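Going in written order, the chains are labelled A, B, C and D, and every chain counts its residues from 1.
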Amino acid sequence: MLNQDGSFNVDRRGLKYFEEKGIYHWLISMRWTRFVLLLFSGYVVINFIFACLYMIAGTNNLDGMKAVTFGGRFMEAFFFSSQTLTTVGYGRLNPAGMWSNIIAALESLAGLMTLALATGILYGRFSRPSAKILFSHNALISPYKDITALMFRIANQRSNQLIELEASISFSFLNKHDRSHREFRNLTLERSKINFFPTTWTIVHPIDDESPMRHFKANDFLDSEAEIIILLKAFDDTFSQTVYNRSSYRAEEIIFGAKFNIIFGQNDKGVVTVDLHRINEHEIIPLPEYS
Amino acid sequence: MLNQDGSFNVDRRGLKYFEEKGIYHWLISMRWTRFVLLLFSGYVVINFIFACLYMIAGTNNLDGMKAVTFGGRFMEAFFFSSQTLTTVGYGRLNPAGMWSNIIAALESLAGLMTLALATGILYGRFSRPSAKILFSHNALISPYKDITALMFRIANQRSNQLIELEASISFSFLNKHDRSHREFRNLTLERSKINFFPTTWTIVHPIDDESPMRHFKANDFLDSEAEIIILLKAFDDTFSQTVYNRSSYRAEEIIFGAKFNIIFGQNDKGVVTVDLHRINEHEIIPLPEYS
Amino acid sequence: MLNQDGSFNVDRRGLKYFEEKGIYHWLISMRWTRFVLLLFSGYVVINFIFACLYMIAGTNNLDGMKAVTFGGRFMEAFFFSSQTLTTVGYGRLNPAGMWSNIIAALESLAGLMTLALATGILYGRFSRPSAKILFSHNALISPYKDITALMFRIANQRSNQLIELEASISFSFLNKHDRSHREFRNLTLERSKINFFPTTWTIVHPIDDESPMRHFKANDFLDSEAEIIILLKAFDDTFSQTVYNRSSYRAEEIIFGAKFNIIFGQNDKGVVTVDLHRINEHEIIPLPEYS
Amino acid sequence: MLNQDGSFNVDRRGLKYFEEKGIYHWLISMRWTRFVLLLFSGYVVINFIFACLYMIAGTNNLDGMKAVTFGGRFMEAFFFSSQTLTTVGYGRLNPAGMWSNIIAALESLAGLMTLALATGILYGRFSRPSAKILFSHNALISPYKDITALMFRIANQRSNQLIELEASISFSFLNKHDRSHREFRNLTLERSKINFFPTTWTIVHPIDDESPMRHFKANDFLDSEAEIIILLKAFDDTFSQTVYNRSSYRAEEIIFGAKFNIIFGQNDKGVVTVDLHRINEHEIIPLPEYS
């Protein structure tokens, strides 16, 4: 159900495109190439429209024109518009007549407002907080004290300080008796919150007598199309904002009987090192009860 | 008591208009047409005032003027002002005398500051987070386990990801014995928080022995002018902010004996679909205890 | 201890002025008249400095100068600087020599950056969220059920929607035996949180057997220099931010034996009205146990 | 493990520099001198690139050039670029040909966008909230009621109002039996939250029977490389944001047997004074059980 980018794979009908998206959301979440293209073509279109208006007002109202052909005069009007919109205003070309003055006065105001929105959105896109969490590729069922536990390992991919990191995990599976019905259960964690997150965190759900997984064999996970859905919440000290991160493990991504290797070390200067390349490294430990 | 837009229908006396509103609140919450009109007329007024100042300073202090009549010179001073305020500064017209230079230097500074406020508010209006929640038109009293329950259904109208959605519901009604006194009770919910909100959520208040609704028949709801007041809180992952949403059901909007239809499905590719047009769809199930 | 503006009346020694304030805090919290004056004089000073630089570079490097005297040339350099700093750039005056070009290129960059800070702070000042809460002038000791209670009444002075308003009240008094020691106790409230705040809220601390006020007579409040310290927290739906509000009642502001009058009504259209002028209105109800 | 600036001393391998940092984080957290240098050199480089483009388009397409040598023309193109990028646009130099017009139109748009980012980041750097908390240089083990307690003292170094200050303290030490394993324990506090923070706060962990420190002698702290890790969280009323602050005490910074002196006083006007220079002042009180 959860897409790679953290959005949900659901088709919601009965909404128009912009009603669903919201223009701000659309502008702030579109891809960069598309955003730059949109900005650029909007700039061309607006200048084209104002160039037409200056032509209608009469180019003899624009002082300083040199071109004599219609095309040349339109071109000059177009560039005069761009100089007004961006408030560069070189001034060789300048409005002399009443109408061209009115159009230019409105264009410079409209230009300031539109470009303020554009720059605001540009900066909003740029400064959007996002926790980049590295997840181990697999979730493991590992021996844990006298029982077993579901475990996965995460690391902070950025050097942003994440503070008060909280995890909240759900277990979703198709009902055994009615496969059209998908159930959701919360999984209790050995520890659900850490104050600091400098290295890695292995999140552990002990499969005890209370666990909704207690009767699941390896086959049951696959048959019931089980999915582990993860919500992480933290305060990002760089952006001074709360950030969330979502991910999930499908049944095929669970390894039944394995243990994560330690990826800590110490360098020459005695500094703790952690090798994020090895975040998914684990060794197989057969668990007879899951075969 | 609650208006359609989520504000309260209360007349608060003893406050002046701006004391109550606050200028920022006033500017950020007014309608778009009004805001644009205000911006535009503010622009005209400011330019008019500065045009007068340039006239007082003497138009011979403005280099490059072509007009000879008073009206023409005023017009040029007006447009020179607009070129200064927006910092376009074409420069055909430019201040030559001491006083016109001082006025222009102040105007360009004031212009930058004022337009910064205007663009800030414009962007603030544009990027204001708002959860658009679709509510079922009716709240239903439905069979629930062995008892009954009050239910209504909500959906996210935007594709914004809402995270950690919490509902908090109050029941308000006129006191049976003293109808001038309105009582407020919290309603406990079967589930008051969900981590994700990709499709719909049916919010359920079981009418058990603890419920303040347990002795209410259909008539009692109407007689006591009962109202269900809803506060939703979530984290909007697009705006990276906490958003709230308010709504209410009046007694006439409650259906006594009905059940929501399932509006989920699956499309050709196996993707879950949800038809938001049908959010209020329900079938009648007579409940003898409510007649 | 608490000043009128919500700050604390404490003299903290051993810090330099800006170390304590922080420049941003200083700029955002100073009075408006001071801020505008600072902005204006900063503008004059920066232009003066750049005018000197242009003079040093030689005014023959500035094309388009008309003045011939030293003072006149300095004046023109000064206004040329202001045209560069604000990016108006009329262009009659323009840099022709190498050094004046370098100075102008740096000034326009520096100008953009400085004015961006100035406009940012201006907008930050303007859009700073602040809950304006109206407090009853007095706190009352009123009859309450079989006992008495400390009560005061608040109202929202703005039409901002305040959501999830929480109150947290402390009781501070000088220790009976050691008057150099000031004690702080939390007061439990009949209700410490409300979802909505459309009208008024009477905050009630029942003086029961657990209350730290249970043995205080009217004299004891005065003798021990007692103070009720109030912290209100809410989500402001206009600014989409959490806002706080502080206030306090000194012993002399407590009335021992009084009850708030109801200030609700209904207007012609059946809309609830509330008269904020009367927020402190109360009638005296003698309480023998407090004399 | 915790550096002076609150970051963690951990070497995380397997990430590229910008993947780890994020460009925004990099720009907002670099030192001021570096930021200004980067801004300045970016400005020079961009103008250099555009100067080349104008040269390629042909300088006869730039109206108003005076220079005749190649170097002089390049210089003029360079400064024309800076006038376009900052939207000063004096206009003595102005684009006349088609290509120079296109380049200038793009440059003014790109300039507005780039400078918007630069000013946004500049303001973001400037307005970043940060709680400056002054910590006593030492943590003390002091007599406390019938037992002992770990204590340290903090003060607000800024005049920002910090509201709802919460402390959360961890105790980290090497496992006695396996020194390659570092343990973390939470320490319960006598009081973990205060509503206001006008003066100082002495944070107290009573070393009772539940404390993980109960069997630690002075030597044990040193042998096990013990560290007290502190996380403070508050709402900053100036920035209207939640701020965090981290610090730590190493074993060598703990004094076994000492008590903080009172640093409060009263000035002539009866105002409470607090002398922050004396925050670490303490007197030695030998504790036999720690020797």
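Rule of thumb we're sticking to: a contact is a pair of C-beta atoms (placed from the backbone, for glycine too) under 8 Å apart; a residue touches a chain by one contact, two chains touch by 3 or more.
What you are looking at is a predicted structure, and each value in this text was computed from that prediction instead of being measured.
When chain centres are defined as mean Cα coordinates, B lies farthest from subunit D.
Between B-D and A-D, more contacting C-beta pairs join the chains of A-D.
To overlay subunit C on subunit D by their CA atoms, one rotates by 90 degrees, a value rounded to a multiple of 5.
Of all residue numbers used where subunit A meets subunit B, under half belong to both copies. The two sides are thus made of different residues. Distance between chain centres (mean CA atoms), subunit A to subunit D: 25 Å.
Inter-chain spacing, taken between the CA centroids of subunit B and subunit D, is 35 Å. Shared interface positions of subunit B, defined as residues touching 2 or more other chains, are 83, 87-91, 93, 120.
Within the complex formed with subunit A, the subunit B residues making contact are 39-40, 43, 47, 66, 75, 79, 82-83, 86-93, 115, 118-120, 122-123, 126-127, 132, 155, 157-161, 163-164, 195-196, 198-199, 235, 237-238, 240, 267, 271-278. Per the touch definition, subunit B reaches subunit C in the complex via residues 1, 6-15, 19-25, 28-29, 63-64, 83-84, 87-91, 93-96, 98, 101, 104-105, 108-109, 111-113, 116-117, 120-121, 124, 128-129, 168, 170, 229, 231, 233, 241-244, 246.
Considering their complex, residues 87, 89-91 of subunit A touch subunit C.
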